[in-house]
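First, the structure itself, so that you have it in front of you.
To keep things simple, chains are lettered A, B and C as they appear, and every chain counts its residues starting from 1.
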Amino acid sequence: MLDLIISTVTQGFIYALLSYGIYITYKILDFPDLTVDGSFPLGAAVTAVLLVKGVNPYLTLPLAMAVGALAGLVTGVIHVCFGVRDLLAGIITMTALFSINLQIAGSNLAVGRDVDTIFTAEPVATVFGNFTLLQRKLIVAFLLVVIFKILLDLYFKTKNGLLLRAVGDNDVLVTSLAKDKGKVKILGLVIANALVALCGCVVCHEQRSFSATMGTGQMVFGLATVIIGTTIFKKEGFVKGTTAVVVGSVIYKVCIQIAISLGLPANLLKLVTAVLFLVILVVGNCQKGGTKKHA
Amino acid sequence: MLEMKHISKIYNAGTVTEMCLFNDFNLTVGDGEFVSVVGSNGSGKTSMLNIICGSIPIDKGQVLINGESIDRMKEFERYRKMGRVYQNPALGTCPNMTILENMSLADHKGKHFGLSSGVNKARAGYYKEQLASLGLGLEDKMNVKLGALSGGQRQAVSLVMATLTPLDFLILDEHTAALDPHTAEIIMQLTDKVVKEKKLTAIMVTHNLRYAVEYGSRLLMMDKGHIVMDKSGEEKANLVTDDILHVFNQISIECGN
Amino acid sequence: MRKAMKRALCAVVAMAMVFGMGACGEKKIPVIGISQYGEHGSLDNCREGFLQGLADAGLVEGTDFTVDYQNAGFDDNICTQIGQNFSAKNVDLMCGIATNAATACFAAAEDKDIPVIFTAITDPVKAKLDSGNITGTSDKLPVEAQLDLIRKMQPEADTIGIIYTTSEPNSVSAIEEYQAKAGNYGFTVEAVGVTAQSEVTQAADMLISKGVDCFSNLTDNNVVGVLSSVLEKTNEAEIPVYGSEVEQVTLGCVAAAGIDYFELGRQTGAMAAKVLKGEVKASEIPYETIAEYGIYINSAAIAEMGMTVPADIAEKAIESQE
């Protein structure tokens, strides 16, 4: 029982990294970024290859972020420089990444148990040596979520972060401020996809495997978590968006786990997701009062 | 000084809907002038503003500021020394950000947006001072989101934000048109005050003939891409609304408006 | 804020209640957690065979063991959560059907000693499922038997067309084997990769236009999913299609040297029974490939193609019409 809560919450924390990314593109930039379905497995593919090659597991985190950032850059350039619509720009990159991921890691790549992951390597193994692997995964995932939450919150308060928020809020103003709104959008996509790839990286560490299909539906999942989180905390002005999406991610994973425990057939799980989505949106709309553009 | 020289602009060139808006259009606005522009719909007022700002390209001609061509500058680059207040109050501010954050953004216009703190607390006093001059009590709402303010309040903040940094030029694009008459009056008075206090060069497009007559140092009337009336100095000062209403009605009838 | 916390708490409490219900009344009878990647004819047969294998070993469901069956609907994230669910409940044995399900179960059991039995995995070595407290059966295709069958059925044939999904590991490794061994039987392989089910019929058109002498199928989910429309095209072009398992032959393929997934499952069930009874540990037995392949034919389809079945094949073939 406790184990199940720990592992479910761990999943929620790990996937919260992806939710951060979607929070930036969807909620801040107002950009429906489908790159996610490709950059998530990209992070995992790079990680799996590096781990198999014996690279230090902690080094895979920044490296996965770097390739994810590159994916975001491509979408941004396609959208901003070539004038392709946001949705299509993401689809183009996502489609290309599907092939690229296959090139990097094949259709499946497993990481054997003899290879250390971020959950089993030093210094984590020594510092948290008294905990079980399950608990260690929770601790590491929690640390990652907190570290990136703090970094993002700090960033949103910088001049650059302020400009990023402005471009999603009112891009005409950004032009009036003599700033190239295109560049700001690209930067947002770069940061977001770096986070998404980081999530893919951690999932790869946790599952010890990469599969070419693992990206399918991640964008929808991310959207759901962002909407769940921000709707719940809509009235609570002082709860940061980053905190809200972490809660959203955990709730989502908990709901799926409840559905599994109840023995709902998998074919109904998607329906559960849809109903959950709808309920939260409707409840959110009933207690409207904010100034958000989105539901 | 702003100069528009021999501007040509043709919409939908080469198609059946081809429309020549400007053909050899010329305009010079001297430093410190406050020009109000009137004209019926489709007379080219807003297109003129968009050409100055670079939001629409031109086919021929040149736009110069202080003798230097700005034709090769992108839209956002031109705003370094230009401010603009839009008809829609929502376009001048960020609705999901607080007044303080909005003011901080405006204060940093044209500079590098790096990783230093976005809101400079030391400047908060200055922002309050600027907002206080509006007389709307906004200086006490620094942490309120712009989206929670009324259209008039937003437009007032837009005006302050657009003029917070030194400008060569202020562009007012029917900035009172979306407001109720009472609020429009207040914004118009504020505009006049700001322009005079900061000694700005400004171009104001308006549909309100009275504002055009009462405010500004020069009045232009446009029709089909041409300036049909240009009054300044003594002539402008003696103008009454009825004088231009007569001319305005004549061109409107010709247009079938 | 308090309201929001309350709402978040509600979810956690609900979860606790649900798990609480699941928690009581267990532990007396061993629990087998079956995680199946998705709803799919072959995988379903596998599961049924698995249960039959347990029954053959004298284990009775309900008294000797209970089954917690979960289906991931082809979603990797759900696979993960199913594995964790089993692991947290400390089931006595996990059975992963298809690679992604087995991988997730094995990952969830990383720090526990729960035995994992897999089935329907082509290459357990590549999937790193060959060491640890894990064993099972591989559904590697009998490629050589298939090539031999095609040679006997079509002595004049030169090229074999195969459609496969580039992201399905089983298909990729099968294609590699086809390409390596086709030469021995005098064939060349014309393989077309697809990334989605929607591209399969297009790929079939392409192979037909290239003039291949026959099609051979893998156990590729995307291809099998639209096999009927592929057969429509090949029948029109009078190109025979060879299947890889009995169900495809039933659908209208001329013949197959293939796996009976029910048998595969039964073999797996027998292994699981030994582990459950405590006779061996999963870590002690190596994974197995299916002992025998069946030859399946569909006489109606063969007649339609104007082909005849050589006597030696007719002898051992199993008629598989609807």
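In this section, contacts are C-beta pairs under 8 Å (C-beta built on N, C-alpha and C of every residue); 3 or more make two chains touch, one makes a residue touch a chain.
Please read all numbers here as calculations on a predicted model, not as lab measurements.
Visitor: Could you work out which chain's C-alpha centre is the most distant one from the centre of chain C?
Guide: Here the answer is chain B, farthest from chain C.
Visitor: If you tally the C-beta contacts for A-B and for A-C, which one comes out higher?
Guide: A-C
Visitor: Roughly how far is chain B from chain C, going centre to centre by Cα mean, in whole Å?
Guide: 69
Visitor: So what's the Cα centroid distance for chain A and chain B, whole Å?
Guide: 42
Visitor: Return the distance between the CA-based centres of chain A and chain C, expressed in whole Å.
Guide: So the centroids are 31 Å from each other.
Visitor: In chain A, what residues contact two or more other chains?
Guide: Expected reply: no residues.
Visitor: If you look only at chain C, which of its residues touch chain A in the complex?
Guide: Of all residues in chain C, those touching chain A are 1, 3-4, 7-8, 11-12, 14-16, 18-20, 22-23, 38-39, 68, 70-78, 80-82, 84-85, 87-90, 99-100, 103-104, 106-108, 110-111, 126-129, 131-132, 166-169, 171-172, 195.
Visitor: Taking the complex as given, what residues does chain A use to touch chain B?
Guide: Touching chain B from chain A are residues 155, 157-163, 165-166, 169-170, 172-181, 291-293.
Visitor: Per the contact definition, I'd like the list of chain A residues that touch chain C in the complex.
Guide: Going through chain A, the ones touching chain C are 1, 3-8, 11, 98-99, 102, 106-108, 110-113, 132-134, 206-209, 211-214, 216-217, 221, 232-233, 235-236, 238-239, 247, 251, 253-258, 260-263, 265-267, 269-270.
Visitor: Please name which positions on chain B make contact with chain A in the complex.
Guide: Touch residues, chain B against chain A: 74-80, 83-84, 86, 90-97, 101, 104-106, 108-110, 112-119, 145, 147-148, 162.
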